[in-house]
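These notes open a run of structures that come right after.
You will see chain A twice below: alongside chain B first, and alongside chain C after that.
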Partner chain A sequence: MNEERAKRWDNTKLSIRVFLANRTALVGLIIVLIYVADALIMQFDPGLLGITQVNTLVPNFTNPVPLPPSWAHPFGTTFPGVDLYTSILKAIRIDLFYSILVVAVGAVAGAVIGVVSATVGGLLDETVMRITDIFFSIPYLILALAIGFILGRSLMYMSLALALVWWPLYARYTRSQTLSTKEFTYVEAAKASGVSRTRIMFRHILPNALPPVFIQISLDLGSIMVIFSTLAFIGFIANAKVPELGYLTSLGLNYVQTAPWAVIFPGVAITVFALAVNLLGDGLRDVIDPRRRS
Partner chain B sequence: MIIAARRLTKEFEIKANSAFGKPLRLRAVDSVDIQVGEGQIVGVVGESGSGKSTLGRTLLGLLSPSAGTVLFDIPDDVLREYDGFRRDGDAKGAASIEMEYSIFKKKGEKLKKIRSGMNMVFQDPYSSLDPRMNVMSIITEPLLAMNYMKPDKAVDRCMELLEEVGLPRDFAYRYPHELSGGQKQRVALARGMATLPKFLVLDEPTSALDVSVQAQILSLLRKIREKYHIGMVIITHNIAVISYMADQVNVMYAGKIVESGPKEDVILNPVHPYTIALISAVPGKMVKPNRIILKGDTPNLINPPQGCVFHPRCPMAFGICGWTADEIATDLKYLVNDKFAGSFNDKAVVSTGAGGSLVINNASAGDEGVLERIINEEKGNMKSLTAIEGLERHGTNIELKIKGYRVPKMYNHDGRKVSCLLYAGDDNKA
Partner chain C sequence: MNLWAYTIRRLLLLIPTLLGLTLIVFILSHVSGNNVILAEYLSPKLTGAARAIATQALIARFHLNQPIYVQYFYWLNAILHGNWGYTNTAIYSGPVTTAIALFLPNTLMLSVVAAILIWIIGVRFGVYSAVNRDSVSDHALRVGSFTLYAMPIYLIGVALIIVLGVYLKVLPISGVVSPTMVSGLSWYVNGISYPTHIIIIDAMLHGAWGVALNAAIHLLLPAITLALAIVAGLIRILRSSMLEVLDQDYIRLARSKGLSERIVYNLHARKNALLPVITLFGLTVAGLLGGAVVVETIFNYPGIGYWTTQALLDSDVGGIMAATLLFGLILVVANLLVDLIYAFVDPRIRY
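Take a look at the complex of A and B:
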């Protein structure tokens, strides 16, 4: 068994090597880790970065017009006198949390529905596919807005609305992955070896079908954050003081010509994250692909 | 017999082209009788698409048959009794034997028991091994799945099996992508023989491998057969593999077995026209007849040719092999409108009608004589013409009478069974 442990360790080392060989993925990982670290600090010890009120934006009505970057305000300020640097640090926590929530709820629901649909087949499968068709036929932003307005205008409902919009995508993807994995000869070989259907599902089909789905999910974290902040940007959230990147961007909108930084900095915070997640996903793909390992 | 299949038939349902059409049925295996004795190697050979893999899968119960049965580990006298019941139409007697021996009548623990007595090695070792499992997990899978032994024992058994198939022990912790094609196939073989089955189906076991590796795998298979007395069905499109490995040979065409017998008879002295063509295509010392190149494609299995399925391609086909008016018309059109156009009225047209009638319209007087001469001349090349029984004039039309056809059965001939009307015996010839 020592041999086996050594072999496992070799495998982990190999995974790390494969990942590190992809330089851009490494950059993506570092950026994502910085965002995560920021969110954790904001959650547990915001004082570390000199921030006190993590859950609200702090306005300064004596000087509401955006100020350019300076020592006191490294990223400048936005309307009404909100310091952008600290606000972005606060907003990352909120955006990350809700994006993960959307992806987790949507992906888990979608993946489970997809696997069941592919496994049971027949009428159930047909029904699920038609339902996803309906979801796909409506533009996702409009659908999310409609669902959100029915549920109510809060961050939590907004993420639920997005999860509702997102699950069909994962259901479809997981279903097609499961179906194509079923066709591999190793599944039939397992059947010939007397392996039960449940065991084939959990030992052969899911372990091969799901990793690409996970990659897709992690890739989507970036785009979800973009869409989440888009909804906030177009005025979805009622509470005017929530530190959220899209909302923060919208505050500077009226000053975009005189104070472009007020739009650029929060916007860049969104884009950089989306980009970093994409790079990271690329590296992960290399790691899970047995063929790229040899 | 370890395995005996009777009238085994497997049809696949194919979605119709139009949404409202009835699903089509493709008959991949058609009424196959085959048996494998203890420790015997039985070859199944045929072109790609002839139903070999489907037969192999159905023999193992991986596919359920549309008709027919597979009997496992049945004593020879019981099998004889069973065949007797079938011949005499004693359904009850046959059913009682099926109850006892048919793999499709077993459930639960009994099925598991049978399962551990058989396994399969697939053509492509690149896709038949799960890329996420190491060699140890792959080889021990059948042992654990069928409760053949405890997990700690299985590890020892895995090491034993690795040695048996000629791989070092430390391969147990490797993953498939770290192995070469030949090594993968050795692992697949170790998995196949893990539970010491009595019956193994090998579906093109060497086709995906380099030529240099093929021979090693084949001699390994022979060694294993010698040592463990495993009955094997080897499926291949390669005559050389069959002639090296098999004791008995079955030649398959369009889902049917067309010739079946001891290797020496079938390979060295083939009698079915398809087998003759197949073997004549092999370079080397086996060539007896001159090389015969088959024209045309393998038949459509959804709508197979009537009579003998091989007749459209058969170099020895004759009048009763199954020619249709359309097939004859195609050849006649070429003769009347092209090759011998000068001998006929310009307006002469070959046409077929409902009910399978075949007519030449707008024929001039005396065309019958010309036609008769041409048919007799061309019969040798255009086998369809042999089905024309006679000519009859009605006004400007010449009607051609077509012979009735027969469907070949399995005939005993010269030590083997053959499905060809040439060997039907005088009483059967029309």
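Take a look at the complex of A and C:
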């Protein structure tokens, strides 16, 4: 038993070493942690960064035209007189929360459906696959827009709509992972030695099929945040005061010729996060895939 | 299986996909009751008693008091007969089919130009990156495409506007043509050009080369934005696919025959490296269509995407549902073409 534990610890050490050897992945991890820290501060103690109204943008109608960056407004202001620095700090919490919601709902639903579909097989599997086909027949941005429009134009429904568009992708991925794991020789060996079907499923197949799925899912967080903000950017949210990065960008769109900072800063905030998640992902893939460890 | 049998099988597979696609749109217009489908099919111009009569006629026509699966077939029948309802937005109010005739040509024009740009930029840089593996320019290209890949499409758009439109002032940042160029023209009325509704082509048909050039310049920024948003993925895939091909025996044979590197790359390697790219072209089309929604909105480009966001802003359910169905149809047809082309290029697929 002790020996096994030591072996496992060795494995973990190796994983950490492989990950740390990848400098860019480390940078990605640090940036992601900064975003998460910001979201947590906004959630529990926004006063720490001198912010009072976390859930709403604070307009200043006496001076609505965007002002360039200055000491009072490090990132400048956007229309109508909204300070960009504090708004971006607030928006990161909202974007992160709803993106995680999309990933959690869509991925859990997709993963469960995928595993069940691959395990049961037959007619159910065929039906599930045809249903995912149908979802893929409409460009996801437009489908999310239509679903969200019917549900109602709020952040919550927007993320629900995205989850509804996203689950087929995870269902397919989980299904194919499960099916290919089923084919491995060690599963056959377990079968030959008389292990029960449920035990093979839960002890032998799922523990090996699911980790890559979950890695893939967490890596999509960056792209999901980008698409989430894109929907908000084109005018999905009816509530005009919500701090959301895409919506913040759209506020400055009419001033792009005189106040480029008003669109650049919120957009860059999203890009940096998506970039960091992708970098982190490359590092994690090295850890997960033993073939890339050497 | 020969190509004909494959084509017929692929066409048959189209039927369930199309049924599913229409079913999604139908369900979306029915989850919150009859009011949605009534809003789609009632002409916005009707008021008062005439509206009440039209409502009764619609309930009878779509059998809205019968079970939902019965309603689906009456609705599908209307769709098949070209009756897609009404749209009522700030930029256009009237039958959906007319709106599609007005806006779709512009979106197709934008997508085709963007697709050509994607192909030129993607193939050139993807191959270059693989051939000059680990060189400084390869690293620069990889960092560039990695960053581009993470950027929201609207940021690419505004960045290009700021650099090319505002600071360098080389490209116009909004609309399809300069208003002064088209005032008083007989074939351009109220922002709509005739007969094809694509101003570049109409201008050429009427021999107005100055207008055509002006419209082409207006098309550049939206097309480049759309292309850059999608090309990053293509460069990355083509690079790895090219590297894989360059490692194969027949390439080594070609080199050992003494062929020049140029011929090896262009004649032997590139064609096979492009195969996985073709499969991804279906995804590219989905990206183009989704991206067109954002790009057309940023640049006030009167296409289907611009119409869709206007419908969203004006809470016009007829426009949203029709656009969803239309985008779905385009994607389904595009995927069909991709599959057929792939089967034609790579015989292994057909078996």
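Everything that follows uses one rule, which is that the second predicted complex is superposed on the first by the 286 of 294 C-alpha atoms of A that agree within 3 Å, B and C clash if a C-alpha of one lies under 4 Å from a C-alpha of the other, contacts with A are read in each partner's own complex, and residues count from 1 in each chain.
As a convention for this text, a residue touches a chain if its C-beta (ideal position, glycine included) is under 8 Å from a C-beta of that chain, and two chains touch if they have at least 3 such contacts.
Keep in mind the model is a prediction, meaning the values are calculated, not measured.
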{"item": "Chain C versus chain B on the shared chain A, clash or fit after superposition", "value": "fit"}
{"item": "Of chain B and chain C, the chain that contacts the larger number of chain A residues", "value": "C"}
{"item": "Touching partner for A:His204 - first (chain B), second (chain C), both, neither", "value": "first"}
{"item": "First, second, both or neither for A:Val226, with chain B first and chain C second", "value": "second"}
{"item": "Touched partner set for A:Phe184, first chain B, second chain C, both or neither", "value": "first"}
{"item": "Which superposed partner A:Leu145 touches (first chain B, second chain C, both, neither)", "value": "second"}
{"item": "Touched partner set for A:Phe236, first chain B, second chain C, both or neither", "value": "second"}
{"item": "First, second, both or neither for A:Ile270, with chain B first and chain C second", "value": "second"}
{"item": "Gap in Å between nearest CA atoms once chain C and chain B share a frame through chain A", "value": "8"}
{"item": "Partner chain A, residues of chain B touching it in the complex", "value": "57, 60, 62, 112, 115-116, 118-120, 122-124, 127-134, 136, 141-142, 145-146, 170, 172-178, 188, 191, 194"}
{"item": "Complex interface listing, chain A residues touching chain C", "value": "130-131, 133-135, 137-143, 145-147, 149-150, 222, 226, 229-230, 233-236, 246, 249-250, 253, 256-257, 260, 263-264, 267-268, 270-271, 274-275, 278"}
{"item": "In the complex with chain B, residue positions of chain A that touch it", "value": "3-4, 7, 184-186, 188-196, 199, 203-204, 207-208, 290-291, 293-294"}
{"item": "Contacting residues of chain C [partner chain A, same complex]", "value": "16-17, 20-21, 23-25, 28-29, 31-32, 36, 146-147, 149-155, 158-159, 161-162, 165-166, 173, 286-287, 289-290, 293-294, 297-298, 308-309, 312-313, 317, 320-321, 323-324, 327-328, 331-332, 335"}
